[in-house]
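You will see subunit A twice below: alongside subunit B first, and alongside subunit C after that.
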Partner chain A sequence: MSRTESIDVPERVTPHVTRLRANAKEGAFARRMAKVWEFATGTRMAGYVLVAPAVLFLAVWFVWPVLTMVHLSLTSRVVEGVSVEGFTLENYVRLFSSDLYFRILLRTLRIALLTSLFTALFAYPLAIAIARGGPSLARLVTITLLAPLLVNVVVRSYGWQTILNKTGALAWVLKIFGISNPPVLLYTEWAVLIACVHVYLPFMVMPIAGAIGRIDRSVEEAARVAGATRLAVLRRIILPLSLPGLAVGASLVFSLSAAAYVTPQILGGNFSPLLGTLIEQQILTLNDWPFGAAISTLLIALVLASNLIFLKLVSRRFARWTAGAR
Partner chain B sequence: MATTSVSGGGEVRLAGICRSYGDTQVVRDVNLIAASGSILALLGPSGCGKTTTLRMVAGLVQPSAGDILIDGVSVTGQPVHKRNLGMLFQNYALFPHLTVRENVAFGLAMRGVPKGDTVRRAKEALALVRLSGFEDRMPAALSGGQQQRVAMARAIAYRPRVLLLDEPFGALDKKLREEMQIELRQLCNELGLTTILVTHDQEEALILADQIAVMRSGRIEQVDNARAVYERPISHFVADFIGTSNFIPASIVDMRDGRMTLRSTAGHVFESTVPNDFSIQERVAVAIRPESMRLTPGELPAAANRLTGTIVRSLFKGQVLSVWMKPHGQAELQPELQVSIPIEDAARMSPQPGETWSAQWSAARTLVVREQ
Partner chain C sequence: MNETVSLPLRITVGIILALVVAPLLVPVLMSISDTPYIVFPPQGFTLKWYGEVLANPEARGSFLFSLELAAIVTAVSLLLGVPCAAGLTRYRVAGQDAVLGLILSPLIVPLIVTGVALLQVFALMGWRATLMQLVIGHTVVCLPYVIRSVSASLLLVNRSLEDAAAVLGAPPHVVAMKVIWPQVRPGILAGGTFCFIVSFDDYPVSMWLADGNHFPVPLYLYTVIERSFDPSIAAIASLMIFFALLLVLVIEKVFGLSLARLAS
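Showing the complex of A and B:
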């Protein structure tokens, strides 16, 4: 008892606890359940208990394989098709000493960055429509946005291929408008970028729409009454207050597009490979698992680092708004 | 006090404004004038259209019909940001990502005021609401009362023509609310700001407003100064909403020399010398405030403005003792009369349940109101 008295049980939990306590009179099982519930929600352990299943799952299916992969990249190398065991940095040296790999790395980062940028640009109008439009408009936009996710990524990529083809739909439309010699987009970075923006747009829109939805309407109205034009409200109120949503969206889109494999493979081909394509080549075609593992490690490190930097920047700003709130 | 902050308030005129959402008419033909420099309260129960009316003045809602004029110029078609108004919201609506100074300076920045002037005028506005030294705090680090003051400073910093208040004190506790109300009244008078206040709290309206417009189902029921609305309500609704009243349906049987005689269906006779516009034979109601009645023990001979009954219960309410009495032979009207006895008199007489007492009141305190 003394434990629960000394610790603040959140208000919304208290009724449950009270009810469970009342039920507890009826039997040992209920009493035990009430205790478990109290432990899980009313103590400082609550947070740990609630995230434990997810943490366990990630530890087994994500952290452990990644560690195995890093281990592999450091303890073996392939010399002329033969695997040589023992600690080595050879894989990484090879990765950084070749101009080819460096170019692919830069291209990957560039595509991930540009995808984030373009999705963010397209996302804001859509997010505002979802968060602030009428219910039917919001539903229409959401469905249109999410519908492509129902289509397999391979099918979708081939769809883009037929559009961006030299004799495809885009070229045909451009020809109607008098552009007889349209630029070839297929098998260039542009094709990959266009497809990535299309695929990952919902991952940007949804968090931003959520963040905008949480902005108190009267805050916008207060700005309007104080003399702000609609554009000024967007720039001075909606944009800064939706930054947390933008941070989540950008983090998702950057990570997903940096690690994209199917889309660049189908639309970029061998003319503009990305790190994902490179990894596939090393592992499946050249059978060089240690070098593939080294590239994968680099990819993970890069994505993790850029996410951390980005989130740090945003959270510092966010911390300022809530300074002193708790 | 900063003399530069004094601005002449604009006169706001609402000419027959209406607003409907689909088939529901929220505001119907509202005509009102808020004189320059005065405080007008829109008072009414929730859903009476008072907030919609205020939002139409602000430009946040477009009227379906009618015109809104500030200083004689129609602003109905003008976008919100061009109207030069200040507004206080129920939840303060401060910008959470800006400091107190940036919040207060927002309107100035939007008007392209140079940076140096902005800082100085924001400082002045904060001094007016007695919040100097809080410039660099974030809104989340302030108490409710302080946030209210920041919102006030933000609304007056750019010297708006009109100040609009939407239930501004709803979230504050009683003591702080009263303090802020008095401060606000002083500030508005000092700055000569025309102010329109929306509230459902009759006490707030009485404290703050020069003029009170009582609203009911989208219509203006009565517009008058605070005292007149309380002392001469024109309808059952107003008399009931502002203060407490006992109602007895009656018809007017005689009118002469400013004295009106009325008779209830049970045959009781009432006399009133309060001026009103009703004509003979009209069905109205007599309204008597609980504090207007005097109680005497036992039965008194029947006369005008006098009722005898049995005490039902009494309740101590701090400054007054409230007594409920069931009048004899009055089955058809409001079942119980409420009478307030000032607490200093309650020591001398304390009616006990079951006893027979008589209530009487003067013709000058007998209100005649329109039945709803």
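Showing the complex of A and C:
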């Protein structure tokens, strides 16, 4: 290539020559890069090398801590401020035998179940609008539903506080309708439930909308042509065929609301703590690490159980229901 | 086609959406009230609460710290997550299912438990480095989202386009940059954006690991709600809501991602 330099190059050819030269240079560079690339990707170890950092990171900073915590809950207990080592189930027994703690456990289960139930009720109209409405309606519903997810949970919970307050928006609206002393909702389980339903609604709507979207429209049309009312279509077609979506949504919402901390803290105050608050109190206030670890372990077990129950059970039932349809 | 969405259903949807928006609208209304306490409907009009919040060094410090934390977490998550997604989708890795299970497991364990478990381990180690620990905690939570999002887009990459480019003489790195990258970019962008948002909004992990000098916005908001009663709380809440709206605009218009895709 260097020979071109010695030749007298006419003006209009110069750009082409420069490009040729650049190409040749890139060719050499490309050959070198290709070699590096082949070396990096061609070996059998490449996949492992790529996956290893993330796997190691999670093994050290997730698996190890969680296992350490479960271990602590079984091998240590705090008696009158002094920790006693040795295998014990005392921390778990305490959770079920003490009336105070057992009530908190029951309340957590109750709120998580009711939240799943109410989000499912509100989710169906929205999911049908997303899956079966026109593109503009679907877009409107999706954005209005998902945009609040970007607003911090603390702010959303606070928003409910301003509504449910004695001098809040709800009291004002009720006064217009002539109800002068509105029910006290703030710092009760109802407030926690209302806010949880609001916060976790999108997690129920999206899977159900996905499931409804996968239902073949011709099934609904056939039913309508055959004389089924809208309600019958909803009950006999949309509802049963969207069950897998409902199962995913329910397991998500149940898990999230069972482990909720911020919302019950802001709206339930000190009067209706859930398990999350109990963990925080035991560890940061009372310094009872083993008991806190036991509650945390129970929370993990709850979440795993709900996943198993909602997903496995419903999917089996679903298979039976739709067996005839296939 | 629109027949399935009947009028009663439309009305129901309208009411539910109004209820979804209400808790975000009411604080905004209350933030302009010219009263020393929070009241609905707002009385008078003032922007002084906004001025008060913006002038508050604590609020500003928390906001900047959260931005910094989220940026670091996003960078670390992408550095760990993108290669991992590539390894999982384009190479044979023994025990792939186990690896996938491990990677997605932080999504199942409640965040509050992840946080407390990490705090316990850090305490056992006697290690004190709040920023590092917050980054680690948030990355544990964010990494699964990044890997899931990037893997999804890597699986959709059209392999025959790569072959075509290679046959036409493109060296591998050119194929990577000009054929694979444009197809994977939306997935990386979506994963990174989601990661940033999750870190910026995290409360249940930060509550264990933060300290007075490293105090993310959500924790700051919570302490403000606990201790004060004037409309300046509503003003902070409103600012956070405006920030989220800005984020929606950036995601939808600038990045060209749909919110629905981020959430799925």
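Note that in this section the second predicted complex is superposed on the first by the 255 of 326 C-alpha atoms of A that agree within 3 Å, B and C clash if a C-alpha of one lies under 4 Å from a C-alpha of the other, contacts with A are read in each partner's own complex, and residues count from 1 in each chain.
Simple rule for what comes next: a contact is a pair of C-beta atoms (placed from the backbone, for glycine too) under 8 Å apart; a residue touches a chain by one contact, two chains touch by 3 or more.
Owing to the predicted nature of the structure, the values given are computational and were not obtained by experimental measurement.
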(request) Using the touch definition from the top, say if A:Ala228 reaches subunit B (first), subunit C (second), both or neither. (result) first
(message) Under the stated touch criterion, which partner chain does A:Ile283 make contact with: subunit B (first), subunit C (second), both, or neither?
(response) second
(message) Applying the document's definition of touching, compare subunit B and subunit C: which contacts more of subunit A?
(response) C
(request) For A:Ile237, decide between first (touching subunit B), second (touching subunit C), both and neither. (result) first
(request) Check the residue A:Tyr158 against both partner chains and state whether it touches subunit B (first), subunit C (second), both, or neither. (result) second
(message) Output check: A:Thr68 vs subunit B and subunit C. Expected answer is one of first, second, both, neither. What do you get?
(response) second
(request) Could you look at A:Ser218 and tell me whether it touches subunit B, subunit C, both or neither (first, second, both, neither)? (result) first
(request) State the interface residues of subunit A toward subunit B in the complex, per the touch definition above. (result) 216, 218-219, 221-229, 232, 236-237, 240-241, 317, 320-325
(request) Please give the residue numbers of subunit A that touch subunit C in the complex, ascending. (result) 30-31, 33-34, 37-38, 41, 46-51, 53-55, 57-59, 61-66, 68-69, 72, 122, 125-126, 128-129, 132-134, 137, 141-156, 158-163, 165, 167-169, 171-172, 195, 198, 201-202, 206, 210, 220, 230, 255, 258-259, 261-262, 265-266, 276, 279-280, 283, 289, 292-293, 296, 299-300, 303-304, 307
(message) Per the contact definition, I'd like the list of subunit B residues that touch subunit A in the complex.
(response) 58-60, 79-87, 89-91, 93-97, 106-107, 110-111, 137-138, 140-141, 151, 154-155, 158, 164
(message) Taking the touch rule as given, give the residues of subunit C at its contact with subunit A in the complex, in rising order.
(response) 1-2, 4-6, 9-10, 12-13, 16-17, 19-24, 26-27, 30, 38-41, 79-81, 83-84, 86-88, 90-93, 99, 102-103, 105-106, 108-114, 116-121, 124, 136-137, 139-140, 143, 147, 171-174, 176, 197, 201, 203-204, 207, 217-218, 221-222, 225, 233-234, 237, 240-241, 244-245, 247-248, 258-260, 262-264
